[in-house]
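Chain nomenclature is as follows: A, B, C and D, assigned in order of appearance, with residue numbering initiated at 1 for each chain independently.
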């Protein structure tokens, strides 16, 4: 980190800062500039609390130099991580072949889920999404079928070979969900539920980690670091839109995060254009854009009858739209040397 | 809700919408305008999923009319809720007397905590804050003393009479924290951790619910509704800053939420200017502003030696600053017919 | 518009609202719901000030139904507008062929500009960008060469046939810039400089209108409406990134605006991934994403020696990168039935 | 500035950066850390373009150390600037006495304006606001009375002694508006209309500069710097709310900007809670908060009959509300050692 002193900071103020740095087991390097004194810190300060230096008399600001995450960083691991999805179809995220995961927002009943699962498989996907435990903004909204939903998902995997991706909302659900699912999803609202991150880090199924609505990329990677720090390196990042002032969409989908995440991390990153826009009519174009800028996969909400979906009807595309979409996605994937 | 049809929507599209409305057990009221047909919905649609209507052919947009929360709403309960804080000093939030809650970000050791607790009491506060379980952005940062920290807090209450306010991070901590604390805090990052909200709603200690970094006021009240829906009506809302593009502060403190929350809800709302700005030098002025616009209390980080604080040193004021601050706060409180 | 009355609004409050509606020359349609009375307004209220109704006793909120723009709307003009760029190469924006416009942020000197112009042409572009008048955040920064820069741009057009796109910053520059340029650019910071919008609307050269950093899509189209309302229908919208909490990029590039603008407007929309990200290393991927989601063109900053660029070096790609980029763009364009 | 090199940056990459620094007339100071090499720059680099260094091979990021504004900075001028408002009442902004400026959003007709001006004076204000040239989002909305409006404002000053504060929208209006007004307002949408800033900097009347909807504090002060750089040091900053994701208010009013602006600049800063919230019912509480946190004044929209206001009816308070508001403001001002 670098500590910028205020104009006119005294010698003893600088000395006090130097003392604090040494107390942390680090070394200082002082640059006396024309208008400011700057104190550079030598050593690995990733795990030091920089905050306390900001409030010290004579300090103007503290600027971090090292990224605070380590195991999620590309500096530590140069080769890209490929996360196998599970299921019989052999899909994965992070390799040349894209992870295409589709399905309804929530599991509503057995026959509907099985029907959509077959359609999803027909479209060329390797993963099936579907919520059994649903985080809902309102306590009065449909909260999911629970274990019954998980059983239905597992049956769909039996029939189709698709890997099952489903959300886990709390620590006490981790074992249960891991028994049925191939990939455990941690939702956007739980991205900084650190106890849950630790819990999914302590089991062995891959984790699909959704970015929080207002999480910075650094916070996103630190959330992944929580999971990895407990031994589970199979983390798939998922961009699902951020909250901004925009109103034509439910969330703003900031696709530049895809190449930037690839630049600074070895983890795969996929995109959820359904949550990422909130409107079914925007989903196909955003799927195309995501693939074009290098996303390692897509998570798409798909429902045979959106007008009767129990959740997220507004952003679900139909199996027919999914089918024709994958056609153009294949051509775009080819243009960027990927396959679906 | 109101459904605005697209220009040129056909009669059969309108009929289909009407059918969906009736399927929900509601009634329609059609207005044929100059350029648009609008379908008003008659009945309580709070618990209906409006999303699915948005994706129906011919529908342009769906506009909710009723707020989705009910028990948190002022329409249901006109008189203001006063939440007793506990402790021997008889403090509360929501009445004429403000809830002044101060203390360190985290409990670091016994003697330091007891010392600051006495200073906090001297300043006129009725509550002591201090984290035993700390949600940290990095897995490598200090995570709190756990139960040991709770014991220290309880001892501080014994000595000073201050009510203890401390965070609970996961369901399995609820019983433990409730045994020691007077008020259970749910942090900003857990504001939409619904399972945790239900768990604190099922015990009887008051809940201090912090607004999420990017939560709308409606989502904030829905989180409170989760707690209340399980039987615990003692919810104190706490504004702690939102995430915006601003850079001079860690968070943007949007104080207009105070009078607006008072207008639409009966719950008390307090303000945390420490988290709300991230800089100790901004805290006193923002405390004054919060009291001036009607906040029911303040949550202030206070540390005897911020340069050596284990967490949040940058935003902690010293006991000396707290002491002089309460003097001016008393005068401002008087100007708006409140007391400290 | 629709006026939602407060719960318990009185009959006379509703009557007062009805009177205000009739004063505006409109008609009312009252729906008495279970919990709320709602007043629908019949007639074209686009040009009425809805604001004043919000403050009327008994009114809870006012919801607009009709979009406030008209000539920029797809409802008024179904077929897509194709804007010719000028120059000898016959480029345009809005048709099957994409508008590829590249060049330096600012015109720095004659030989450098002519060199880059030839490279831009080689890459397959039809437009040359380059600022002669530069809006700079700091008054001490390079402000552009002024008319001298325009002369150089015109010479580059002579040599290459590329259409010249350059910014106009104030009314008094409009005639001058229009004399040299093929397309007049209105920058993001001037998107709501209404007097300037009217001035470019009164001349006949096409206008490239950049979205303001925090402009909603509706405000963006209203800015276009200002131009069109004065008789100039040749407006090219340009998305250049919005301001959000994100920090890895200078701006957040919200590409979903492309399909949404196409849905509600007939105007072409192009994307500027240079401004839209602020980092050269993100530009190629974002160019690919923009084309994949249907953008009608690209505006790209390109400089032969970014380390010595007078402005925007951080986001300028080199001619070599541009050349190889257009190769992959052609393949993506083909996948969405467009050509470059 | 400080240049952080990538991990593994080569010696020749560092040398190239050093060369670029020396080309700028500055000197380098290299710190070789455990994981990164950092190059500190010695000298005044305020007017250097840092951008171009970011794109240089081996450079990870460039961190500015010196604030880019100078004349607006408190480092250059320690004592606070007091800006006289003009008018016969001797008001000013920046001293112990607050600048209270109220009036309608726009001048609508002579008798209404004179009536409100007298009410504003009765309430204890020293300034009268009112727009003659109105920047409107829609080209079809009321655009103001123009010079006729200025004449009416001048007559109101004759009758009441209030200083007239009114907006200037373009360069060609500057002389005209300066002839009638005491203070020239530059609106939020024009905060980065640099040519206009230069023009108001070249005349002698004080300038009330509104913060742009998404302007950082640094950009805000740089806009002030534009004005001051042309010789007019009488700039009053005005916070009027920023654009965020919040929906209960038209803008989010970030009051912490008040103490922060005081910390880093000598310019006075006032607050506009009418624009800053968009709702009349939030205005009084936000006025109180602004005074409590040290604002140098208030700009308040006030209309005798908001339901018939031509502009901004939703956020205008009545003269009666203004009158009772000033009573509580006096008490709060006293609590922070100010007077109204």
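Definition applied: a residue touches a chain if its C-beta (ideal position, glycine included) is under 8 Å from a C-beta of that chain, and two chains touch if they have at least 3 such contacts.
Because the structure is predicted, anything quoted here is derived from the model rather than measured.
A.B. asks: Along the shortest chain of touching chains, how many steps lie between subunit A and subunit C?
C.D. replies: 1
A.B. asks: Which chain maximises the distance between its CA centroid and that of subunit D?
C.D. replies: A
A.B. asks: Provide the C-alpha centroid distance between subunit C and subunit D, rounded to the nearest whole angstrom.
C.D. replies: Chain centroid spacing, subunit C to subunit D, equals 26 Å.
A.B. asks: With chain centres defined as C-alpha means, what is the inter-centre distance between subunit B and subunit C in Å?
C.D. replies: Going by mean C-alpha positions, subunit B sits 39 Å from subunit C.
A.B. asks: Note the residues in subunit B that touch 2 or more other chains, in rising order.
C.D. replies: In subunit B, the residues touching two or more other chains are 214, 243-245.
A.B. asks: In their complex, what parts of subunit A are in touch with subunit C?
C.D. replies: For subunit A paired with subunit C, touching residues are 214, 216-218, 242, 244-249, 252-260, 263, 276-277, 281-282, 285-286, 288-294, 328, 331-332, 334-336.
A.B. asks: For subunit C, which residues count as touching subunit D in their complex?
C.D. replies: Those residues of subunit C that touch subunit D are 16, 20, 46-47, 49, 51-56, 68-69, 135-142, 169-172, 189-190, 192-196, 198, 212-214, 219, 222, 225-226, 229, 243, 279-280, 306-316.
A.B. asks: Using the touch definition from the top, list the residues of subunit B that touch subunit C in their complex.
C.D. replies: 2, 4, 7, 29, 31, 33-36, 38, 40-44, 63, 65-66, 75, 243-245
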